[in-house]
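Pasting in a structure now, in structure tokens, and then I'll have a few things to ask.
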Amino acid sequence: MPDLTPLWLTLRIASFATAIAFVFAVGFAWLTARFSFWGRDFLDAILTLPLVMPPTVLGYYLIVVWGRNGWLGSWLNAHFGISLMFTWQGAVVAATVVSFPLLFKSARAAFEGVSTEYEQAARILGDTELQVFFRITLPLAVRGLLAGTMLAFARAMGDFGATLMVAGNIEGKTQTAAMAVFDAVQAGDYTLANTLVAIMSVVCVTILVMTNKLANRGRAGR
Amino acid sequence: MPDLTPLWLTLRIASFATAIAFVFAVGFAWLTARFSFWGRDFLDAILTLPLVMPPTVLGYYLIVVWGRNGWLGSWLNAHFGISLMFTWQGAVVAATVVSFPLLFKSARAAFEGVSTEYEQAARILGDTELQVFFRITLPLAVRGLLAGTMLAFARAMGDFGATLMVAGNIEGKTQTAAMAVFDAVQAGDYTLANTLVAIMSVVCVTILVMTNKLANRGRAGR
Amino acid sequence: MRLEIDIRKTLQSGDRRFELEAAFSSQDDLTVIFGASGSGKSLTIQAIAGLVTPEQGRIAVGGKTLFDFHQDINLPARKRGVGYLFQDYALFPHLTVRENIAYPLRKAWYLKLSLDDLQEVAEIMASFEIAHLAASYPAELSGGQKQRVALARAMIKKPSILLLDEPFSALDSMLRHRMRMELLEIRQRFDVPLVVITHDPADVEVFGDTLVIFANGRVEEVCGRKKLAAPENEDGWRTKVCWRAQWKKENLVAQNFAMASGI
Amino acid sequence: MRLEIDIRKTLQSGDRRFELEAAFSSQDDLTVIFGASGSGKSLTIQAIAGLVTPEQGRIAVGGKTLFDFHQDINLPARKRGVGYLFQDYALFPHLTVRENIAYPLRKAWYLKLSLDDLQEVAEIMASFEIAHLAASYPAELSGGQKQRVALARAMIKKPSILLLDEPFSALDSMLRHRMRMELLEIRQRFDVPLVVITHDPADVEVFGDTLVIFANGRVEEVCGRKKLAAPENEDGWRTKVCWRAQWKKENLVAQNFAMASGI
Amino acid sequence: ASPASAETEILVSAAASLTESFKEIGKSFAEKNPGVKVSFNFAATGPLLQQIAQGAPADVFASADQESMDKAEKGGFILPGSRINFAGNSLVLIAPVNMPVVTGLGDLKSGRVQKIAMGNPESVPVGRYTKAVLEKQGLWDTLAPKCVMGISVKQALEYVMRGEVEAGFVYATDAAVARDKVRVVAEIPTDKAIVYPVAVVAGSVNKEKAQAFIQYLRSPEAQTILAKYGFKKP
């Protein structure tokens, strides 16, 4: 049985990253789905871009921004004395960036699929825009959002390049499961690699299946 | 101006990969969205798995299967004398695998969002299941499918690890834009890296914006 | 004998349970299904169309068995050749009015419509007064306009039986009148039997050769126009309606009585 | 003076163009809007509810200005305090019947309903005969059941005006009658004015203190009950309806005449 | 190779650290040998070996370390007897130019050094060399928690260049590329000499040409080019 620390770390990082990506993605998705403004398609494309970058390259740009001497990172360091480099929080930032586009795109499509009639009905029944969003739009878009969340979670779990670049590969501290697998494959230790992959797959499949089940249980008719 | 061969190659690979992934993803998505069978959630999770694997590891498994000595690859080689290793077709296979889950999940959510009432109406009007699918389900799911296709295309364009493993990094033959960027970063040639990234981003944004525009034009009311 | 039905089906929603036990037959070309809200009318004609599969029983239209539990027959909806008007229209939101109506004609996927077919679509649109809406999408229609489009779509293929779920509810009285006449004409021209669910006594009057009354998932009463039942117990409203349907315009006083109590 | 409206709005769908020019006022508590399909009735009450923003004009209810182009007033829908019954109900598919009806009461997001509120929901469900459906989802309801749930939801907040788009079209006549009485009672108890779009002459009779007749996006005629217009030109069906609405049950012959020609 | 052209093509799978020098050598080889085209497949040594093991159509395998080549040899993936060493390198300790903290190996223990970048000993050759040296000096156990393991030597270099770490272990050739951003603190002698092996792949269909390329690597022209990029003689 191999060391499972990387797995727990991965789950923690992926959970945080998905949660953060969710908030931003839902916000942007709502904006682009419900309002028509100049440059909307452009914004949409820009927000999808992180997907096109090879993760390692993305990681490189992340360091440029968030690194100790990066332009956001140095500010963080000067004012709060914190640095994201080589910490699991840094890994969260990296994983958030790589998984964001998945959630954003899914959420936008999901919101666009919600008939505006229900939203209008809610407005007449006295809801503010915020209430309409939380009580009608969000629950009615739940399938697409869930699919997006699962994609984002899986992507965050599997991210390797960007996370590695920002968080380093410090055993017991920032070494995620993906890195451990990578190391094993690189080192030619295929038994270990296969075991790790098997464990990761089982964990991931379990999570995905359970999420699906929960979602189906909580789902309304139609 | 840097050499643009990798870019064209990338576009070609990404287009083929997205097209292939589309066919399979739509098929599986339809199956899981419209039929309830034992192990459906499990199948869904399995099909999402490629996302969790670090691409290089995925690439490793791909060459174990498709390599000239791999169990599918050796058969291909023995019967048709072809090998996918170090060819752009191999890159297509790798890119297809990494982008498949994105399309599959989006498509499933999109299909589930289509009210079955329309499908029933089409059946009564004389449609076979296949016609129902192509004339009703598919067009009504177009937003989600499009979002998924764009995600998959972007992912295929940006893939590095898996593609590199299967197709190699051979200049002018299998070196994709992502690899060229990676090489530039590795060589410390940041000017080249930034230029390549800028070109890739512009191309990708253009494609995404145009797809969005086309889709909106061709879209029906509601 | 054109329509024979004898089916059972149980529906469950949480604790609530609805049992449908619909059995009736109609020799007439015009059958009206009448009954309280939630009594199983829509479910019954959905079973005829093949949208709902009964747990038991048999459905036959014009001698052709559509469903038979014991013989293990269950024709798919597309082979039943029925026309169906959905209660909420089910117009395809991604197609224009013209495309919606032409839908059943265009069998190959990308083939253009033939000139004959186009002509047919144009004619039916004209007769339903929706020609000016041809290029609009369902979302841009008023309630009544939607309903007419749905009717045109259901009728263009000359179905062997036409099932109508409250076909005129969203129409104004002028249009309602004209559509009724239109329907009756179509019925005669193509010899297509109609099954109409309605809440409108005027429909009962016009279409009710056979009147089937539903209550709580069961057929409460079937009155043929020929079976001239005496109006014995006038206290039940159903009897009145039945009776009214039979006596039609010939007995204005009775009609008024029914109207007044049925406002 | 309870309702004043004078608005313009142009809608475009491809080549087709619809111009709405709705201007009328009603001092009565009961206003019926009557008119051909596609004549702009739904659009007009959507403008009152704040779902459609007119390009011009003014809307006032009970002295409160909801919209005024010149004064740049345009209250958002949630502040207009109107009740609205959608033509296709717009029940929230992810909520049960009970949750749908309680929707306007539950303002904080996750707060439980108070006992009083629960009581209220239970009462209104009972009076609309949908208590047994409380735990069902809209997809599991029949057409008439959906409509009653939508009515209950629109009425539970005691709106300052209740807008009803063909409220009884999917109900059977018994229920239709009862719901009408129910509505009239509610109207009186809470002093809430009603605006009803209908195609049913019986509705015109009961609700039509003021009858507004639409044609082609314009108000063709407004008849107050008080304004006892003589039935001069009986050849127009609208006049008949107006006339009928005014004379109500007092003149059965006229009613029958209208019925016969309006089948 | 397409039969239409008389040109034969050989594919050289080479370690990423050889990218620039090999591209140049490839050109000069082609000039000397008309009719032969040299293509390169650059990646980390690990993937290269895996590709060859799975039957990739490479002709030459140039590895950054002996171990990978040993594995290739043991697996029978290279032509027996074709293996030679063609270049050498050395391990250096580097630090960012503007960070004067580290002046020698001994400073690494100091509390002011929080992070040290190195290649991952499990997969990156330079990491293995580094670990061996540190273990021999008795520093490994103290330093290991501070070490950031890059997937490649370039990643370790990147960290040092951007000042994210106080020190790092890379090859002399890497340090040479980033001369303006990093400063070489010390050259660290390794037990085993760092030498790059090259061999003809067993499955090669152009064995003579591949052999010719390998021979060319030892030629003065090629050695000059390698030296230009900081490589030593083998």
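The chains carry the letters A, B, C, D and E, assigned in the order they are written, with residues numbered from 1 in each.
One rule holds in what follows: contacts are C-beta pairs under 8 Å (C-beta built on N, C-alpha and C of every residue); 3 or more make two chains touch, one makes a residue touch a chain.
Since the model is a prediction, treat every value here as computed from it, not as a measurement.
Just how many steps, at minimum, does a route from chain B to chain C need if it may pass only between touching chains?
When the steps are counted carefully, the minimum from chain B to chain C is 1.
What chains touch chain A and also chain C?
B, D
On a CA-centroid basis, which chain has its centre farthest from chain C's?
Ranked by distance of C-alpha centres from chain C, the top chain is E.
Would you indicate which pair of chains has the most C-beta pairs in contact?
A-B
So, comparing C-alpha centroids, which chain is the farthest one from chain B?
Between chain B and the rest, the longest centre separation is with D.
Could you put a whole-Å number on the gap between the CA centroids of chain D and chain E?
One centre to the other, that is 80 Å.
Using Cα averages as centroids, what's the distance between chain A and chain B in whole Å?
It comes to 19 Å between the two C-alpha centres.
In whole angstrom, how far does the Cα centroid of chain B sit from the Cα centroid of chain E?
34
Send over the residues of chain E in touch with two or more other chains.
Answer for chain E, listing residues that touch two or more other chains: 47, 50, 158.
Which parts of chain A, given as residue numbers and ranges, touch two or more other chains?
Chain A, residues with two or more chain partners: 60, 182, 185, 221-222.
For chain C, which residues are shared contacts with two or more other chains?
Correct list: 13, 88, 136-137, 140.
Which of the chains are touching one another, listed as pairs?
All touching pairs, sorted by chain label, are A-B, A-D, A-E, B-C, B-E, C-D.
Considering the complex alone, what residue numbers of chain E touch chain A?
Those residues of chain E that touch chain A are 44, 46-47, 49-50, 71, 115, 120, 122-124, 145, 147-151, 155, 158-159, 162-164.
Where on chain D does chain C make contact in their complex?
The touching residues are 11, 13-16, 34-39, 41-42, 87-88, 132-133, 135-137, 140-145, 147-148, 165-166, 169-177, 180, 199-202, 205-206, 237, 241, 249, 252, 255-256, 259-260, 262-263.
What residues of chain A sit close enough to touch chain E in their complex?
60, 63-64, 67-70, 85-86, 164-165, 168-171, 182-188
Could you list, by residue number, the parts of chain E that touch chain B in their complex?
11, 13, 16, 19-20, 39-43, 47, 50-51, 53-58, 152, 154, 157-158, 161, 177-178, 203
Touching chain C in the complex: which residues of chain B?
Of all residues in chain B, those touching chain C are 117-118, 120-128, 131, 134-136, 139-140, 142, 219-222.
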